[in-house]
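Please read through the structure below; I'll follow up with questions.
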Amino acid sequence: MSLMKHFAAATASIALTAGAAVADPALIFDLGGKFDKSFNESAYEGAQRWAKETGGSYKELEMQSEAQREQFVRRMAETGANPIVVMSFSNIETLNTVAPDFPDTKFVLIDGVVDQPNVRSVMFAEHEGSYLVGMLAAMASKSDTVGFIGGMDIPLIRQFGCGYAQGVKAVTPDATVIANMTGNTGAAWNDPVKGGELAKSQISQGADVIFAAAGGTGMGVLQAAADADILSIGVDSNQNHLHPGKVLTSMLKRVDNAVYAAFKAGEAVETGHVNMDLAAEGVGYALDENNEALITEEMKAAVDAAAAKIASGELAVHDYYTDNTCPAVSF
Amino acid sequence: METSRRQESAASASNPLAIELRGISKAFGPVQANKDISIQVAKGSIHGIIGENGAGKSTLMSILYGFYKADAGEIYISGNLTPIPDSQSAIRAGIGMVFQHFKLVPNFTVLENVILGAEGGAILRGAMAKARKSLSDLAREYELEVNPDAVVEDLSVGHQQRVEILKALYRQADILILDEPTGVLTPAEADQLFRILNGLKDQGKTVILITHKLREIMEITDTVSVMRRGQMTATVKTAETSPEELAELMVGRKVLLSVEKTPAAPGGMVLEVENLRVRDETGVERLKGISFNIRAGEILGIAGVAGNGQSELLELLAGIARGEGTVRLNGQEVALNATADGQSRRARGIAHVPEDRQHLGLIMDFTAWENVAFGYHHAPEYQRSALLMDNDAVRTDTVDKMERYDVRPPIPTLPAKNFSGGNQQKLVVAREMDRNPELLLVGQPTRGVDIGAIEFIHKQIVALRDAGKAVLLVSVELDEIMSLSDRIAVMFDGKIMGERDPKITNERELGLLMAGVVK
Amino acid sequence: MTAMPKWADAVLVPLISLLIAFFISGLVILAIGEDPIAAMKLMVTGALGSTYGWGYTLYYATNFIFTGLAVSVAFQAGLFNIGGEGQATLGGLGVAMACLFIPWPHWSLALVAAVFASALFGAAWAAIPAYLQAKRGSHVVITTIMFNFIASALLVYLLVNVLRPEGALDSASARFGDAMRLPRLNDILALVGIPFNNRNPANISLLIALASCVGVWLLMWRTRLGYQLRAFGKSEKASVYAGINPVRMTMYAMLISGGLSGMMAINTVMGEAGRLLLNSVEGAGFIGIAVALMGRSHPVGVLLAALLFGFLYQGGAELALWTSIPRELIIVIQALVILFTGALDDMVRRPVAGLFLLMKKGKA
C-alpha cells in the first residue's frame, strides 16, 4: 500500500474541494471540453437537469491531454465521487486500467464498451437514428440529392453518415448522397465557417437537404442551408428551433438522458452494457412545432414504421463498426 | 602621456561656438569608447575629427546625434546647455547627420525622401509643394542641384549623398556632421562634395567631418581634432599642422606611410587567368573578359573605383561566385563551375582576405578562436577524432597567432565583434597568411583599419611576396596600390584598362584609366 | 554589451520574468474570485510536492526536451523549424511501425528500433521542407507549418482506415505487445533503491531525452558539423566564403531537428499510451518553440525551460482538478509565462542591466 501513501499525501492538499461526506456523482468531460456544442455539452445539460431537479451537487473535470485521462479518472475516484460518468470511447483503455483499482466505485462510460464489473457501458445506436433522418431527408428532397457533413473524420462520424445514407437509399435507391468531413483535427468540431463553405459547395452540387453531424461546425451548416432556403438536419440535441421551418428535423442522441439517469440512480446505478437504441429511446428524430409543417403525415408514418421494424429487429441497419465499411456511401 | 598635448581654442572673439562638448564619457561594457572628451567647434567652420578605427569618433558623433546616451558630460549648442536624449532632439537643436551608409528609401523620389519624417501632417499635398519650393531654394543657395522628382535608386552615389545633405538642410540644420563621406565616392565626386561643404561654410553653417583620410583633413578643414583610444589627443588649426604630425598624434608614434620593400624577384608562373566572364543574377555582365597572370614573388595590384568588377573577380577566384573562363594555378586548372567552393580553393593553397571582413571574413558573434578555425575547420591539426574538433588546439593556435600578428586584446575567447576594425582585420590576415598559401587574394586589406594596423598588414603582404608567393591585391586606395604593387592593373567597367609599372606611372595616369579614359 | 554578469543574464532575468508572469496570473485568478496564493500552492505541491507529481512533471518535460532541442538545433543553424508537431506525429507513426509489426522479444530491442524509427520518420518529414528551402528557397516557416497539417491528415487516414483494429471505436492503433512496455521511472529508480510513485507515465524516455541534451551539446559545440551549422546560422554569406555548403547545412540541421522532434513519440506513444493515438503530440511541437526561446537554444537552458513547462502542465492539471479555475485560464497562465520569458524578455533585461550599471558605478 505504499502507493496509497503517496496518494494520501497528494490528496491532503485537496482540502479545497474535499469535505463532502455523502458521495457526489461526478462527470468527466473529454478533450473537446464542456462547451463543445456537441456531446460533452449534452452530458453537461443532463447533469445540470439532475442538479436542478434534485438540488444535489456534482463534481466535474475537463481533460486537457491524453496523459491526463488516467490521472483525472483516478484522482476523481480517490475523492470518493460515485458514480463517475466518463465521456467518450477514448477512455475505454483508461477505465480498463483504473476501474479494477476502485471496485467500490461505479463508472459510467458513454460511447464505449468496457467489460469490468463496476462499469456501466452506454452505447448509442447512432446508425439507427441516422437511418430515420436519412429517410426523412430522401422524402423531403426534390432533387434526390442530399448532403452529409461530418466533423472530424473518425469512425463514430462514419457511423452517423453510414446510417443516414442507408435511410436515404431505402426511400430513393438511386439518390445521390454527398458526404464531406470537415477536417482531420479536433478543430473540425468547431469550425462553423468551414461548415458553411462545405454546405454551400454541396448546395451547388444540387443537395437540398443536408445533415450535419459535426458539433459546433454544424451551426454553420444549418445557417448556410437556411440562407440558401434549403433544409438541414441537426444532431445530438433538438436543433429544430435554431432556424424554425428550415431545419427538417434533428437526429437525437440523448447523451443527456444517459447522464441524467446515471446521476439519478446514484451509487446504485446498474453496471453492464446498455444499448441506447431506438427501442430504448436513446436515439430518434425530433418532431416539434418548429418542423411540424415540414413533416407530412405520410413521411411520419413511413419513418415510424421503419423505426418499429428496427426496434423489433425486423430491419437491420448496417453497423459501420462491424466491418469498417459502408454499403450505402463511401467516405 | 605618450605625446605632447596641444590644446588650442578654436573659438575667437568674432566666431562664437556652434558646439561645445565638455567631459563626454561613454563605456560599452569593459570598453571605454569615449573618455572625458571636450571639443569646441566655432560657428561657420569646417572641423575635422580624425582617428584610427575604434578611436571613438563614431561613438562621439552618435552621442551628439542622440543615438547613444553619454555616461557623463555635457553638450552645449550655441552656448546653451542642450541635453540630446534622442535624434529628434538633435534635429530640433539644428544638428543634421549624413551617415556613411545612407538612410534613404531607394524607391522614393528625392522629394519624398526629403520630407520623410518631416511631413508636417497627414496630408502630403501642402508639404510637398512647400518642400519643392525650399528644395529649389536650397539647391540654388548651396549648389546642390538634384532633380526633386528623380527616384533615389537611379541616382549616382554622389547625388544620393546630396539628398542626405538636403534632408538635413530642409530640417533647418545649422550643424552638419558627415561620417566618412568620401568612402563611397569617386575622386571627382569627392571634389564636388568638398566644394559643397565650402559653400555651406560660406553661408555660415558649421560642418563636422569624420574621416581617417589625412589628405581630406588637410584639404578642407579649418581645425582638426585627433582622437586616440577614446581620448582626444589634440585639437589644432589645420594650417599649422602637417600630415606627418597628425599621423603621429593618431597612433602615438611615427609611422611610415610608404612601404619599404626590395625590388620584386619574380619566379615561375603561379596564376594564369584567361578571359573571365561573370554575370550577376539580373544577367548584367560584371566581368567582361579579364586576363592577367601573376608570378611567384610578385604583387599584382588591381586599381579602380569600387564597383567596376573587382569584387566579382575576387569572389570568382576564391570559389564563392561562379563564372566562365580559364584559371590555372601552378599550371593546373581551377574549377569555376558549381563544383568550386571555398574549401577546394583552400586545399589548393589559395587564401583569401575578403573585402568585407565583417560579413564574409569573420562571424562577428563567434569568438576569436572560432574565427581562426573559420574556413580551416577541416584542418587536420584542429581535429581530435573523425567527428570531434580539437577546440583546445584551435585556442592554443589562436593565442600563438594573436601574439605573432599583434592582435589586441590577446583574448581568444572574446567575440570578434568586440575587437576594433584593425584587430579584426589582423585576425583575418593571421588566419589566411599564416598557412603560407601559394596565392593570396586580398581585397581592401586596410579599409577602415587604423594606421598602425595598416603598416603591419602591408609588411605582412610584402613578407609573403618575399617568401616567393603570389599576391593579388585589390584596393580602391590608390596610395596603397602604388606603394605595395609590383605591377598595377586598372579595372573599369568589368575590363582591365591597362597595366602599369608603379615606378613609372603616376596617380594622374592611373586616375584617367580608372575613369575609363585611354589615351 | 553591458556590465551585467553572465549569471544574471542566464538566471536572474528569466527568474524575474517568471515572477512577473506569476504575479499577473495571480491578479487574473484574483479577478475571477479565487485565491491566488492557494492556487500557487496547489500548483507547486501538485507538480513537485510528491513523486507522483514529479512523475507527471518529468513526463511532460521529456516531451518538451525533445521538441525544444529540435527547435534549438534548427535555430542555431538559422532555421525556424515550426514543424515539430508534424515531425513528432510522424515519429509516432515510426514508433508504431517498429512496435506493431515486429514481435520484439524484449523491450530494449524494441526501444532501439523505436528510437531509430521515430528519428527516421521525423527526419524524413523535415527533409521535404528542408529540401524546398535549400534548393528552391521556399521558406521553412511556411512549409513546415503546412506539413503539420499534412501529417495530421495522414495520421487520421492511417488510423481510421489502416491501423485501427476492426470494430474498434477509437481512432487508435492496436496495443503494442506487452514485451514492448517500457520501464517506468519508478522501475528504474527502484534499481538504485529510490522509492518513486508508480502511477505516473514518466518512463525511460526521460533518460533518452537527457542523453539527447548531452548529444546536442556535443554536436553543436564539439563537432565539426556543429561548428559549421552554427557558422551557417550566424551568417550564410560568411559560410559560403569559408566553404560551408548552405544546401548541406540546411538539410543536416532540419534532419537532426526533425529526428529529435520525432523521438518525442517514444515518450508519448511507446512510454505512455502503448499504442498510436490520434493526438499524442498535443501541441508539444509548438511548446518546443517557447522552450527553445526561453532556453536560449542551449541544451542546459532547454532542459530547465522544459522542466518549467512540465511543471506548468502538471500544476495546471492540478488546478483544473481541484479548483473551479476554468482550463482556459490555465492556458492563459502558460501563455503569460511564454510572453514574459520569451517575447518580453528585453523588458526585464534592460532595467536589470541598468541596475547592474548603477551598482558598478556606485562601487567605482
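As written, the chains take the letters A, B and C, and residue 1 is the first residue of each chain.
In this text, a residue touches a chain if its C-beta (ideal position, glycine included) is under 8 Å from a C-beta of that chain, and two chains touch if they have at least 3 such contacts.
Small disclaimer: the values here were computed from a predicted structure and weren't measured.
The interface with the largest number of contacting C-beta pairs joins chains A-C.
The chain occupying the central position, as judged from C-alpha centroids, is C.
Per-chain Cα centroids separate chain B from chain C by 46 Å.
Inter-chain centre distance (chain A to chain B, centres taken as mean C-alpha positions): 74 Å. Remark: chain A and chain C have CA centroids separated by 34 Å (rounded to whole angstrom).
Chain C makes touch with chain A in their complex at residues 38, 41-42, 45-46, 49-53, 56, 59-60, 149, 152-153, 155-157, 160-161, 164, 166-171, 175, 195, 197-201, 268, 272-273, 275, 277-280, 282, 313, 316-317, 320-323, 327, 330.
Interface residues of chain B, counted against chain C in their complex, comprise 28-29, 318-320, 341-346, 352, 354, 359-366, 370, 373-375, 377-378, 383, 387-389, 391. By the touch criterion stated above, chain C contacts chain B in their complex at residues 1-3, 218, 221-225, 227-228, 230-231, 234-235, 237-238, 240-245. Note for the complex: chain A touches chain C at residues 2-3, 6-7, 9-10, 13-14, 16-17, 31, 33, 61-62, 64-68, 70-72, 74-76, 89-90, 92-93, 111-113, 152-156, 158, 184-186, 321-324.
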